[in-house]
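Each of the next two complexes has chain A plus one other chain: chain B in the first, chain C in the second.
Now for the complex of A and B:
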């Protein structure tokens, strides 16, 4: 396999909690991402998945660890020198309305990254914006509209056109379809699947929706309270989820088909506060198969099968299956 | 007799535009559905289909310029739309409970949970003493699975997590023993593992107390697994209505079929699918409102579609439903 586009080593991000204490938003996360590969990052609110995405793009400075992008350690590149890097790494956010300047037309919005990152002439930029617009299926007449005159799906298409304008090697997508209706979502997922194939960009796809994950991801990383609890190919995670949290997450998903029975392991409680985390496994307080050792010792992320890792002490004694 | 029967409900927004012309947005265009006691109906559709507006219309909570221009909503034998405001007030919060989407903004931030539950009971049952109402409030908190209910009565809304706040709202909706519960996106914005807890709770309480419930949702997974019946809305109309199992197994309306095909479980990426936006509410076409997007549309579709009765209470508003 070719050198990875992105290598993240031991990344942590801590914030000071208001009133003292430390929020461990991301704790000791490592992974690699190859060209043309889509890594799905799944977890509930507060799991640290968005913070991780922002650290990778240097939108937030990590507290510890290294981010190596196309062979270059970008962890400590000064902010002023980040701009050329960012032509090569782009992001698509959940709420397109908040991500677009309401006073710029779709065309200007799509031209903006070309203006910042390329030396194209004005006429060339115009042509390129038209081409990008067509690529994301926005007819050129629509490019003269302002965001307020576009539907949510069309706004997200503008965001995607902006993200691919500079032909980045890495695109981080943070819940790109979560605010969209089903029929609109389908069109955006179509487009992302096409772009993945065409551009060969590596994608970090952040979502809480397992259905979308299954469609889009080659590999999956499950996060809980800032830590990776499971990592595997998408097929492996869906067929043989090893970590009790992954199993519970899968069973809480409601397939849109009454004929599919639910394997219910309803978890009690909610994600605990990330301030001053206790030692041991972060999931122990809600885990139906936790043993005393789980509250004392942090489980390492161990390989169960080639490419399949899980951080659970109960894997060793086979007690990690949640009884149904 | 049905618990609630909504017949041909029309709600319009009538207002002057910037050029001082009177304009009418026809937001609800003949909503009809019925709910039997003890059953759970899923009112499902995409943004702008009129789901929440239907609930607000029935409950007399519309604000100008929206107003009901035609239709009936017969609840326990009385047409809610024809009741004087005092009588409707006496029903809301008592015989009819409402759970809204954002629990945090629906609780009074300046009153403790207990006070809010007591206030609500005494507004409808002045014969209750404060102590009686408080005892029932604690029972209700216990019934919605809030640990240590007596102590929680003293909690402020901001001290509650999203899931806990939603439980409190459910307690408030049920404390006066309603026979009808309307829940508008009760789990949107909650994490999936918490969503399962809340839906289990809602369904359990409705079954136990023989309450008829309308769950408004855009999530077909919620409909598939938590509802007995479903009414699918498009452009301010119920386009299909029937038992959940029949509706998913044999969707009769082309819109329902498109919606089901767009769920992550069924979605085929990069396959042809109907596109286009919902019709302009200011200038609705004659005939079927879905026909511009419908892959099966024919000449007959320019005439208003009939409400076809299929088998076993399964009906679709489509000329071609039986042929399909």
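Now for the complex of A and C:
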């Protein structure tokens, strides 16, 4: 495996809570992402997935830890010096309607990264935008429209064309399909899967949809309350989830085969407030296999098998399986 | 089959299309249409003033001082024997000549200030906004009076002072829109794409932050017409015998008590009508440009 495109070490992001106190949105997260690899980032709303994505791209400054992109520590580089790097790291946002400037045509929007990062002439940019448009299956007639004149799926295609325009080494996709209709979603996912093969870009794919995850991700990182609770290859996570939270999450995913027996683990209890977190495992309040020690000690992320790591105290004594 | 039998709709000429659009807008907002029609009327008067006014606006004739409206002088004559109709027509030239530059000066100062303070926030924002509060709290007519009286009653001074007084209004609406756009997703997307700050401000934020300011221009033009006429009426603005409506009303006011009403009433009506038209246009524009207001009136 080649040198990682992205290495994140001990990244934390804290926000001041409105009423005093501190919200730990992301806590001590480390991972690497190799060229051509897609890392799926799953977790429920508020688990810090999007904040992590934004920290990686330096759209917000992390509170702690380091982000090393293509061998360069970008954690404390001033924004002006980050700008040339942005040709190599792009983002696709959740809501394409909000992410597109309503006063620019699709063509202007697709040409913008080319204008900022390449020395192409006006005519060459035009040709390249047309080519990119066709690549994401937007006919060139569509390119002269404004975002308000495009459908949600077409808007997201514009966003994707923008993101791949400069052939970036890393693309962060923040729930790129969750605001789209199901029928449109399939088309966008197909396109993304094709682009993944074609461009060789590393992708950080943020989602809460397990079907999408299964289709796109090579490796999966599960987050709960700002912490990574499990990290493994996609196959491992779907077949042998170790952390009780991952098990519950995977049981919520309906397999396409109706003959497969379902093991449903419905979680009870509340997520603790992210303000001033309790000392132990964040999941202890909802965990069916929690023991008293879980509420006192933070479980470290430990390797169970090569490439498979989970943060659960019960893994050691084998009590981490939720009985069905 | 039945579809094929229908005649293909002919592509309308651009004039027909434009007319169709105008009809559509006037149906949706009659206020806008009436306001625009009034302003268009005055604009025509202003442009064609030398051609259509029966006499020179400053041609005095001692032989026909203070004559009532008649077939020869439709609006009568004033104390200098000048034709009131010609003076009212030429007055529209001065009304536009003040209102348009005032709005331009106000926009040129207010929009960049609003953009800058909205984007940076912090102490520059505090200082500029408190300063503009101070300007707004102070009655603008008194401030304008003082400054014009001190600087001298020229057209240029009136325009500069009114423009400066007007700037906080634009700064405020632009700032408010910049504040709401600043943390928006497409601005974040623009940062993620690698846009330099200057381009984010002028290409991404500014075009989306001008809605409120645009809607304000007509209303502020009405204000400029009103205040400049007031200044002239009080004797510190444009001086007679320049055919400015405020100055004309001032001259005519002396004759009201003795019954020669036409000297003041005709320029007064012109002033009211233009200010009304501008306000209606401003209201209509606000409806048209603000989707939320439009939805509420539907």
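By our rule, the second predicted complex is superposed on the first by the 315 of 324 C-alpha atoms of A that agree within 3 Å, B and C clash if a C-alpha of one lies under 4 Å from a C-alpha of the other, contacts with A are read in each partner's own complex, and residues count from 1 in each chain.
Here, a contact is a pair of C-beta atoms (placed from the backbone, for glycine too) under 8 Å apart; a residue touches a chain by one contact, two chains touch by 3 or more.
No experiment lies behind these values; they were computed from the predicted model shown.
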Most chain A residues touched (candidates chain B, chain C): B
Partner chain in contact with A:49 - chain B first, chain C second, else both or neither: neither
Touching partner for A:93 - first (chain B), second (chain C), both, neither: second
Partner chain in contact with A:248 - chain B first, chain C second, else both or neither: first
Which superposed partner A:270 touches (first chain B, second chain C, both, neither): first
Chain B versus chain C as contact partner of A:259, first or second or both or neither: first
Chain B versus chain C as contact partner of A:112, first or second or both or neither: second
Contacts of A:309 with chain B and chain C, given as first, second, both or neither: neither
Chain B and chain C contact sites that coincide on chain A, given as residue numbers: none
Chain B to chain A touching residues, read off their complex: 46-47, 161-164, 191-197, 200, 218-225, 244-245, 248-249, 258-260, 262-267, 269-271, 273-275, 277
Contacting residues of chain C [partner chain A, same complex]: 184-186, 188-196, 199, 203-204, 207-208
Chain B partner contacts - residues on chain A that touch it in the complex: 44-45, 151-152, 181-183, 185-187, 189-190, 193-194, 208-212, 214-215, 248-249, 252-260, 262, 264, 266-268, 270-271
Chain C partner contacts - residues on chain A that touch it in the complex: 57, 59, 79-80, 83-87, 90-91, 93, 95, 98-104, 112-113, 116-117, 159, 162
